[in-house]
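Have a look at the structure below, then the notes.
Labels for the chains are A, B and C, by order of writing; each one numbers its residues from 1.
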Amino acid sequence: MCECSNGNKDIYLPELCTITKRRMLNGTELFMHLEKDSGEDFDYIPGQFVEASVAGIGEAPISISSSPTQKGLELVVRNVGSLTKVIHGLEVGDKLGIRGPYGSTYPLEEAKGKDLVFICGGIGLVPQRSFIRYALDHRADYGDITILIGTKCHEMRLFREEIALWEERKDMTVMETIDEGHDCWNGNVGVVTTLIPKVESHLPNSQILVCGPPIMYKFVLMALAEAEVPQENIFVNLERRMKCGVGKCGHCQMNEHYVCQDGPVFRYSDLAHVPEAI
Amino acid sequence: MSKPRVAIFDFACCEGCQLQIVNLEEEILNLIDLVDVVEWREAMSEQSHEYDIAIIEGSITRPEDAQKLEVIRSRAKILIALGACATIGGVNKIKNNFDLNEVRECVYGKDAQMPHLNTEVTKAVDEVVEVDFKIHGCPIEGSEFAQIIRSLLVGKTPFVPDYPVCVECKAKETICRYEYNEICLGPISRAGCGAPCPTAGWRCFGCRGTVDDPNVEAAQEVMEKYDLTVDDLKQKMVLFNTK
Amino acid sequence: MSVSTVTKEQFKSFVAALVDSDQNVVGVQAKDDKFAFGELTDANALRLDYDVTILPPKKYMLPQREALMNFEVAGAAESVQPDEKMVLLGVHPYDMIAINQMDELFSQGEYDTHYMNRRNNITIIACDVVTDSKNVFAASMNSATCDTGYDILLTAIGDAYVVDAATDKGQALVDMMSGANEATDADLKKREAVHEKNIAALNKHELECKPSFLPKLLEKAYDHPVWEERARLCYSCGSCNQVCPTCYCFDVQDEVNWDLKTGTRCRAWDGCLLTNFATVAGDHNFRKKRADRFRHRLYRKGKYVPGKIDGQIACVGCGRCVTACTAKIANPVEVYNTILETTELR
């Protein structure tokens, strides 16, 4: 390193990690488990994201899906672009560059002793899983845990085995719905907001954690407003183009907030004057 | 892994974009190391029906060309349109402003009605078959061609700008033609060329087509600010941007 | 640290010696009928009487395109840290203030070694404005003069310069100037007069409020019609971003070499006015409308960036965006004044 950097590290330099497990969750979502080549463990808090890169292809922000209570780092990558397509082609043993973790976290401490309601739309389940697993690993610290999961169609459902295990547990409630009905599906049909009335009595005193595609927030937040949930109790996990992850490049900015620094997890009441947020 | 097989074809064009590839000189040796060129009329005599990547120069102006192109498409995994004639129709589309019989007579005189001189409305390649990637420009920029090919070879979607030429003019500190009240197509034209024309004191001719979302509604009001008219602007667009 | 006076001839000899040394010297030179910062190879080419340069000197701290790291494809990367030293000659006060802001933005929070190493390797010889440009409004933004950031500040007084060394690096250069005498009270009075003149003259567009009022003003302007009125002519060409001394948004791209085994990760200027600046994977654009992008720039300058740097307004009044905008809609003063005029009425 150049001596004139005053001992500062290059904030853009990724650390090499090895893919130790990989499997497809559905037709487009790849699940990966990573370990650092340095042998150190990852240090993060649920809600944060990393910048994942394949040198030569590019870099993109990816939500962390694992909980720091377990070893290694788990990411889920949707095959939507150039980089993610290449990542989908990687095998166990291949390398991924990782920078981070970056950004704000779920309110792990503040939520202690309180009921948690997770509202997840599509791949919104991916970062929520980090806090869900953390809460389950610290089960005594939290009140009731309710998880509402909406997916576009049966084929797109994520973490099916894990959800099945959650459903078996007596100490949590899981409700799933799919937008479009399917022969192999006996459960709820409709968007995730249709599940909200089923847990309505629960809502005003819970910490509500919402993550999903841009269009989902509007409707979920409207339903929560109708249920008279205080905005201070709602946390949203937003997606933007967090190119640098360190508050410089400007791409993820929404009004005065840099999502990579002030987010991705925001308390909804803090977004009252952030019209670009939702 | 076996090398990707590449075939280069040309339709209605001046073959200048292929020449730009040849002009890569030493770099072309790198390219030849990485791919098997199995057909390239301009540079070799061999032909092949088996290829992974087809590179198409030129526009489509005859029914038999459209058929030939469809066959190429069916054989290629990746089809690349090379240069303005292929990507946007380019100068060949000037013809589309006229009656085709007139065009034929103007060019071929008394032979105009001979069947092999049949001509149709000029089309860009993507108006006939699906195009995977476009390498813009008249002619193409050699370094951009190289960048796009290298990107494809490592399996990544090549970077093709969707911002106007002004971005590259400003980065090079080229003085804007509008400062001299001259029309330039830069504000609506796709960048990637490095703005050589404005840098040399010319206007941008728009050879890479427009950006995806050009502000056409603004034209009249903005031109008036320079004592110019929309007709002035449209006239300059005929060369490369006829529909 | 000293304040001295040298004749312009003596100063030119100093520049000539600097150019002849092994130092990398960059200065303002004519480019057709405009001016630009460029490598200086002839002291006679230096034009400290320039009005404004096409691009601000930020291109030496944050180049249009720069390597961040070299890598093995799908493998490890090695940081590329710039270490070339440079003397930068002829930075105007408004650009100096912009550089000071950028220094803060790139060093606060996560320290950007790429920017900061370039910056720390540059010795800045700033100079007070001699000729006002056609669109400058630095006086409205309190940046017609500056008092920090430079190593040396030059002020032309008649056929001499007042040379104000502000740092050890600057003093070392002043020590090389033969003929430098301690500035007299008369010289300093003349310098004061130059400053007063510039505070009055560098104001071709007059902001009708103190710049420090802008964050408050913009709190009320989010849904103002001015955004749509102006942005409907916007070409989304990003020229206003590109020429701005305080725009620093960037994109990062990987380039692969012909061996397909090695390459370079680069960063390049980007601009929030460009159509796809806020587009994420899957093609959702979070700032799809021209008016939204247009507003974002003016909010960054007047509210958002100030929130990160202790209230300093991130428009320094260089007027470059006013000149560069083909649609003639970018002038921040016109926008802010329109809001001022119509918001007070409400």
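Keep this in mind: a contact is a pair of C-beta atoms (placed from the backbone, for glycine too) under 8 Å apart; a residue touches a chain by one contact, two chains touch by 3 or more.
Quantities reported herein were computed from a predicted structural model and do not represent experimental measurements.
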Taking each chain's centre as the mean of its CA atoms, which one is most distant from chain B? A
Determine which of the two chain pairs, A-C or B-C, is joined by the larger number of C-beta pairs in contact. A-C
Distance from the CA centroid of chain A to that of chain B, rounded to the nearest Å? 43
Centre-of-Cα separation between chain C and chain A, whole angstrom: 39
Whole-Å distance, C-alpha centre of chain B to that of chain C, is 37
Contacts with 2+ other chains: residues of chain A: 56-58, 81
At least two other chains touched by the same residue of chain B: list those residues. 154, 156
Residues of chain C engaged with two or more neighbouring chains: 73, 253-254, 256
For the complex, give me every residue of chain A touching chain B. 56-58, 81-83, 85-86, 89
Counting only contacts in the complex, chain C reaches chain B at residues 31-34, 36, 53-55, 64, 73, 232-239, 242-243, 253-260, 269, 271, 274-276, 290, 323-324, 326-328
In their complex, what parts of chain C are in touch with chain A? 68-69, 71-77, 79, 81-83, 105-106, 109-114, 116-117, 120-121, 222, 248-254, 256, 263, 265, 267, 270, 272, 277-282, 284, 286-287, 292, 296, 299-300, 303-304, 307
Which residues of chain B touch chain C in their complex? 27, 30-31, 33-34, 146-147, 150-151, 153-154, 156, 159, 162-164, 166-167, 170-171, 173, 175-176, 178-179, 186-188, 211-215, 217-218, 221-222, 225
Going by the contact rule at the top, pick out the chain B residues touching chain A in the complex. 154-157
